[in-house]
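Each of the next two complexes has subunit A plus one other chain: subunit B in the first, subunit C in the second.
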Partner chain A sequence: MNPLRKKNQFRADNVEENVIFFFWNNKKYFANKGDSIAAGLLANNQHVIGRSFKYHRPRGIMSAGVEEAGALVTIGNGAYTEANVRATTTELTQGLSVYSQNAWPSVKFDIGSILNVLGRFFAAGFYYKMFMGIPPFEWGRGTKIWMFFEHFIRKAAGLGQSSRLPDPDCYEHMHTHTDVLVIGTGPAGLQAAISAAKEGKDVLIVEQDYAIGGSYLSQPDTVELETQIEVLKQLQVTILTRTTAFGLYDDKTVGLVQVMPAKEYKTSSKKPRQQFNICRAEKIILATGAIERSYAFINNDLPGIMSVSSARTYLNRYNLLLSKNIVISTNNDSAYETAIELENAGATITILDAREQIGNKLLQQIAGLRINLYLGSGVVKAEKGLNTSSIGKIKLVEFANNKWRYAGNLYCDCLLISAGWSPVIHLASHQGYPINWNEENACFLSSGDNKSIFLIGSARGIWTKAGCIQSAKEIFQYNSRKKHKPSTVIGGWETPLAPIYEICLHNIKGKAFVDPQHDVTSSDIRLAYQEGFISVEHMKRYTTLGMATDQGKMGNIIGLALMAEALNCSISEVGVTRFRPPYTSISLGALAGRNRQSHFKPIRRTPFNNFSIQNRGVMINAGLWHRPWYYPMESESLEAAYIREATVTRRSLGICDVSSLGKIIIQGPDSTEFINRVYTNPFAKLPVGKARYGIMLRDDGLVFDDGTTWRLSENCYLMTTTTDNASSVMARLEELLQVRWPDLSVQVTSVTDQWGGCALAGPNSRNLLTKIIDDPSEISNESLPFMGIKQVLMQNVPCYVARISFSGELGYEIYIPSDYAQSMMEFIWENGQKFECCLYGLEALGTMRIEKGHLTNAEIDGRVTIQDIGLSKMASSNKDYIGKVLKNREKLTDSDRPQLVGIFPKDKNKTFKAGALLNEAGYSNGHPLGWVTSVTFSPALGHWIALGFITGGLAYVKDKNIVLSDELRSNFLDVEIVSPQMYDPEGLRLHG
Partner chain B sequence: MIQIECPFCGKRDQSEFSYGREGQITFPALNADENSWYDAVFLRKNTYGRQIETWQHTHGCRSWLLVERDTVTHKIFSVKLAHTDWQKQIKKTT
Partner chain C sequence: MVKSPKIKRVNALDSYFPKNKKFNGEAKIDFELVRDFKLNQIVTWPIKMNNLKKYFKSLNVNSDYLKPGIVCQYGSAHVVRVEPYKWWVLNDYSNVFGGIDRDFVMDIDLSHSFVQIKISGIFSTRVLTHFVPVDIREKQFPVGKLITTSIQQVSTKLWRSQNHWKIFLPRSYSESIWQLISEAAEQYEF
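What follows is the complex of A and B.
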């Protein structure tokens, strides 16, 4: 095959301006502006474009469109590398680098092609059988050499490789609303857009190609196309090219991705490379066209074999005549138009028509042209030419006595195939609209809902241009409220097609491909049948038919037909798998848009954030929050820092940022009743100015969250929640008030961000407080007892001071309006210097709470009951509350449930980690007795300690030898199970 | 992607809302027997077709809504506030 450029048809005066260069495997070539990569390669006589997925067979260009299964290439360099790009739909730009894929050392000589010789081992199910070690591969199971082999095989199969560098481009999201969305700019699509716009509708029309026109572009003259585009522009219709409608979703939503041309986004980094567009339309018109099918015959994947329509596209759109000597194998009328145009361009044509008769009109059209017509003929095998990887010879068959028989050879360097057309019904299928097999035209058809989603043109199985345009006009000729009943006739050929899906003769052997992109052959389909994978869903997964990047656009129907033949039933009985979005692959970057890194997960900073950073705080992510982790002095390590912080706090004074706790204001006449129903312990008699620690259960009786709730006035409470559950507790309270108990007059408001929380802990905390608040008498032991809260003035700013302790020391929490938080913290810290004082972070906070056996989400993990965490005394029996009934379910009250305990290593020098399992000595296997949830070094006790759960709790394991085992780190040690209150169990320090 | 017509905020994308649960569940009194609580918490109709469900306009007005939706087609038939007499409640509170 040696394609020729026809005379240059550019209207521009300067032809040189229309020539561009590009690189193919690092070699420079020239092409015309507007060429696709495939056209540019063909014009330079490059036919082997890549190597196939499994067998590493040489592959060339098979089409001129989105269905391409052979010519996949990698474009760009470095971080801009884009793999598995269809050469047929990607525009060549000046200086573009294009590379072949899946071949080593080169696409012309590829070592991996040895796999082709070993082909019979690589049939369907190969990967399953091989990797699972089932017959015939059972002998290799588990051996080392097999593992090595597996590694090689996994590496050998594949397509292009993407860059491992971070994506340097930016992507954008947008939302579009329109009256009418038309998908496809062929004759039907353009007409639909015009008709809609003439009715005064707001119309958006999208085209996946970089040029408008669809099948118009493949026609010899473009006058009609130009007229239609002119009308569209006058009607101010929005036209988007390079825009794929990849999915149809609920509520008439279409996912669009617009790809910018390579040059445009690189010259200005501010321009997005791709735009993800969520489009909502009142009417969606699918003018998505149809894809020409091939059929299975031996070596039907050789370079030089293409669809008939693509030869027409290369001829008329790209001025490329593929060869002087072309063979066309067809079973329908559509190929003749192309044959005539190719002949006019100077080629000699041989048509092999599978039908035994064709209409007179066609015969008249080809009379007198250099076209040889063989009726009742087809191809059974293609063979390589001499000194080339491309096609050189074909073996013909003729139809006689109801079967195919061998009828000689024919030399040619270009074979075009048309075995019928498959309408692009993918989008309708995404939404589950029924898909029916049309026997006469041998294709699946769908009609949308004919109310807001319509299929028109060849997407509805209409093969003539006039019919396509008529089907577009029709939609707008009816009252849009009524259901549309299309009148245009499906089909439109003079002689119906003769369905062929495969031509094979028992004495001619070789591989006939059904899905060339995944190297699925016709014998793979038969193997699937033999092995019982006859359901279409099973066949797909077993053979991987249609699971490649083209999603089986060319091969699926052949596969279905072969299965139908094996089962001796019709294709409609075999059925079809539902198409899933996306129609063509889209980049993850487009889906992510600008939601990357901190735009994906915004950072929440506490009001003390700057203060913490100024004071050398190292921050840690806790959910979305940035919280101070530890405050190292000079080159102090995390461990040294938290031990120092906890020690200083217990000895004198520590200050900590606790702003991330959830804070909810609960107001209204029924707020006491509401809180009483939400918490397990009674709140009804809580005096104003006092607080209680409360436990909240879920409906199913398990523990949901814990926190302290302060009664600020008769009908106003301040509830605190754990940092993790702040938003879910809020949503839960709102649900209870709005859905379940609408009779309660209560308002809840989240004030987490409005107040900065600062904890003072340690024996000197009250001494510091006296120095910083305006009237120190308000916080004496008597006027602010344990669990009391008071509004005080600090530097004339109203703050709340609550006497509460998470560390087990005498402690206070000061709640400061966020706007004053930074300056107040500086003021507090300045006064703290009069004592031995430190800032402590999350790590030291954790250490002190573990020493005291206080809980966090490591323990309250959604699986524990109130008894499990040792707080059954907090479950009131005198009132009703959420979870009260179901917490008493049989298994939840068992005494042998895992219960909260403290853990000491017997050898006090030993360390261990959270997640380790606990077992009785001698029982290291099977279900463990318990596990470790939180671990720390305890400065107060001088060794490592932990909290965890163990079956039956302290009482059950009292006299047993318990072993802690961390299999992953090979750490095994004897431990002592103790009460979770490991430090100061009497709570003497708490009251100062 | 469905859109939900919030009575306060108008038609908004589903991503602004969070699904709650089946809306037909009537939770028993807090002191009801174990069986009725068991039914309310664990038994679901798993309707094929139209059902009432609760959604919260989490990234909006935070209202809890009763949404009548077809679980097969995702078509929404009606949306109303779960709290039926919120106006009365506000009067009572203020």
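What follows is the complex of A and C.
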């Protein structure tokens, strides 16, 4: 095959000065601007584009569209490498580097092609059979041997390789809403868009190609297309090219991925390379066209064999006449138009038509042209030419006495196949619309719902251009309230198609491909049948038919037909697998959009964030919050820093950012009743100006959350929650009010972000507070007792002070409107210096709360009861509350349930980690007695301590020898089980 | 109230918006941080709704005050019903609700809970479509409409004003979301 560029027929943009260069396997070539990679390669006489997935057979260009199964290439270099790109749909750009795939050392001489010779050993199901078994009884099989060979198999099989470098491009998301979305810009799609726009609708039309026009682009005359485009522009229709509608989802939502032109995203790092567009439309029109099929015959994958329609595209769109000696094998009328155009361009054409007769109109059209017609003919085998990997000869067959028989050889260097058309119904299939086999046209058809989702044009099985356009007009010619009843007749050929899916003769051997991208042959389909994989779903998985990046666009129907033949049933009885998104492969980058790296998830920052960073705070993401972990002095380690911070706090004063605690305002005349029902302990008599610690249960009686709730006024409370559970508690309260107790006059509002909170902890906390608030008398021991709250002024700014402590020291929490928080912290920090205070972070906070036996989500993990955590006294028996009944279930009140305890190592120099198990000595391999939830080095006690749960609690293990076992780290040590209140159990320091 | 110079109000996005930078209404895309705004929320309950209706009637305002998501102007204040029993009042709160009977509403200051950003320019709507899933075409989302939507799963109030958009981001998320929006806006010459 020696394609000819027809210079005197260039389209407007294909003039000489628009020649561009590109690199194919590092060698420089020239092409026309607007060429696809495939067109550029064909123009430069490059026919072997890659090697096949399994057998490493040479593969060429098989089509001119998205159905391409052979010409997959890698483009770009380094981090910009993009593998498995279809050469047929990717535009060539100046200087683009294009590489062949799955070949070594070169695509023309590939060592891996030895697998083609050994192909009989690698039939479908090879891996399943080869590696099943239990070693060592079945030598050479089983997981171990698979692990050994896997590396080599994966290396030998496959497609292109992606770069391992981070993707330097950016990707974008977008949400589009439109009245009408038209997918496809062929004659039907353009007509539909124009009709919709004329009705005053917002119209978006998308095209996966980089040029608008669909099948118009394959026609010799572009005047009609240009007119249509002009009308679209006048009607202000939004047109998106390079945009694939890859999935149709519920509520008329379509996933679109738009690939931006290289000239845009390559010139600016701020422009996205691809955009994932979530489009919601009132009406969706699928003008997605149809894909021309091949049929199976021996060596039907040789370079130089392609679809008839693609030859037309290369001729009219890219000005490439593929060869001067072309054979066309067909079974339908559509190939004749192309044959005539190719003949007009200077080629000699031989048509092998599987039908035994054709209509007079076609006969008249080809009369007098250099077109030889063989009726009742086909191809049984293709063979390579001399000194080439491409086709050089074919073996003909003729149909006689109801069977094919050999009819001689024919020399050619280009074979075009048209074995019928498959409408692109994938998007309709995504939504589960019925798909029915049409015997007359040998294709699956769907009609959408004909209410808001329509199929038009050849996507609905209409083969004539006039019929396609009419089907588009019809949609807008009916009352939108009624269901659309299409009147356009499907089909439209003069002579009906004669279905062919495979031509084979028993005495001519070789591989006939059904799915060329995954190297699935007709023998594989028959093997699947023999092995009992007759369900279409099983056949797909056994043979991998239709599982490659082309999703079986070219081969699925052939596979179904061969299975139908084997089962002696119709294709409709075999059925079809439901198509799944994406229709064509899309990049993961587009789906991720900007939500990667630092934007992987939103980060919450407290009002003290900048202050913490300015004061050497090492930050950590705890859940969604960005919080100070510790504040190292110079080169201090984490361990040294948190020990110092906890020590200074207990000795003098520590300051900590506690803004992330959940804060919920509860307002209304029934707010006291509401809170009383939510918490286990009574709140009805909580006076204004006081706070109370509360426990909240779930309906099933297990502990949900804890926190303090402050009574700010008669009908207004501020509830604090754990940081982790803030949103869950808020959602829970809203659910209770909206669903269970709508009669309560209560409103809840999250004010977590309204207030910045800082904790002052340590013996000097009151002394510092006295210095910084405007009226020191307000925070005396009498004015503000333990669990008291007060609104005070600090530098004339109103803020709340609560005397509560998580550290176990005399402590206060100050809450100030967030915008004032940073300068308040600076003010506090400045005044705290005279007390030799320190800032402390999450690590020291955790240390001090473990010493005191205070709880976090490490302990309240959704599995514990109020008894388990030693707070059963907080469960009131005099009132109803959520979880009251179910907390008393038999298994939840067992005395041998794991209960909260403190843990000391017997050897005080030993360390251990959270997650370790607790066992009785000598029973370390059985079901554990308990587990460790939180561990720290205690500066106050001088050794490692922990909180955990152990069966029966302190009483049960009193005289037992308990061993801590950390099997993963091989750490085993004797421990002592103690009360969870390991530091200042009487609370003397807490009360000042 | 006289504030001490020692404790200043600092917006969460203060460092991203220099105070001397002028809002460029002519640009293709521009953002303005609204500093020191006042935002109050009033709440009521189903059994008190009639009282509130009467109160609005006494102010001689139209029924839009009771419709969800319609921003109504009353003097220098803007009032909008953000939830079935919650209203936001921007700026001059006392002008609207100063004389209301506290038996049927309660209020709360949310001025520090949100960061308010104005977005203007011919690409302002397009930038928002990168994040906001709702239909913000003008015929569906006219001037004066306010909704609660989400940006990167963060609850966000979106309001179409006369010549610009306003978004209200929760303060703690604002830096993260702002970085995301501003990066997307760079492709429109921000």
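Keep in mind that, in the parts below, the second predicted complex is superposed on the first by the 936 of 992 C-alpha atoms of A that agree within 3 Å, B and C clash if a C-alpha of one lies under 4 Å from a C-alpha of the other, contacts with A are read in each partner's own complex, and residues count from 1 in each chain.
Please note the rule applied: contacts are C-beta pairs under 8 Å (C-beta built on N, C-alpha and C of every residue); 3 or more make two chains touch, one makes a residue touch a chain.
None of these values were measured; they are calculated from a predicted model.
Asks: Applying the document's definition of touch, where does A:D202 land relative to subunit B and subunit C: first, second, both, or neither?
Replies: Only subunit C is touched by A:D202; subunit B is not.
Asks: Now for A:A345: first (subunit B), second (subunit C), both, or neither, which partner does it touch?
Replies: neither
Asks: Tell me which partner touches more residues of subunit A in the superposed arrangement, subunit B or subunit C.
Replies: In the superposed model, C touches more residues of subunit A.
Asks: According to the stated criteria, A:K884 is in contact with first (subunit B), second (subunit C), both, or neither; which is it?
Replies: first
Asks: What is the contact status of A:I278 with respect to subunit B (first) and subunit C (second): first, second, both, or neither?
Replies: A:I278: touches subunit B and subunit C.
Asks: Scan A:G668 for contacts with subunit B and subunit C and give back first, second, both or neither.
Replies: After superposition on chain A, A:G668 lies in contact with both partners, subunit B and subunit C.
Asks: If you stack the two complexes on chain A, which partner ends up touching A:D251: first (subunit B), second (subunit C), both, or neither?
Replies: In the superposed model, A:D251 contacts subunit B only, not subunit C.
Asks: Let me test your reading of the model: by the given contact rule, A:P817 touches which partner, first (subunit B), second (subunit C), both or neither?
Replies: The answer is second: A:P817 touches subunit C but not subunit B.
Asks: Applying the touch criterion given at the start, work out whether A:T752 contacts subunit B, subunit C, both or neither, answering first, second, both or neither.
Replies: Second partner only, subunit C.
Asks: Where does A:A914 make contact in the superposed view: on subunit B (first), on subunit C (second), on both, or on neither?
Replies: neither
Asks: Starting from the residues of subunit A touching subunit B, keep only those that also touch subunit C in the other complex, and list them.
Replies: 278, 280, 667-669, 742, 745, 747
Asks: Quick check on the complex: what are the subunit A residues that touch subunit C?
Replies: It is residues 170, 172-177, 202, 268, 270-272, 278, 280, 594-595, 598-599, 601-607, 609-610, 625, 659, 665, 667-669, 715-716, 742, 745-747, 749, 751-755, 794-797, 817-820, 822-824, 827 of subunit A that touch subunit C.
Asks: Of all residues in subunit B, which touch subunit A in the complex?
Replies: Touching subunit A from subunit B are residues 1-3, 18, 20, 27, 29-34, 37-38, 40-42, 54, 56, 58, 62-64, 73-74, 81-86, 89, 92-93.
Asks: In the complex of these two chains, what residues of subunit A are touching subunit B?
Replies: Its residues touching subunit B are 249-251, 253, 278, 280, 667-669, 677, 699-700, 731, 734-735, 737-740, 742, 745, 747, 880-882, 884-886, 888-889.
Asks: Please give the residue numbers of subunit C that touch subunit A in the complex, ascending.
Replies: Within the complex, subunit C contacts subunit A at residues 1-4, 6-12, 15, 36, 41, 43-48, 85-86, 106, 108-114, 129-137, 140, 152-154, 170-173, 175-177, 179-180, 183-184, 186-187.
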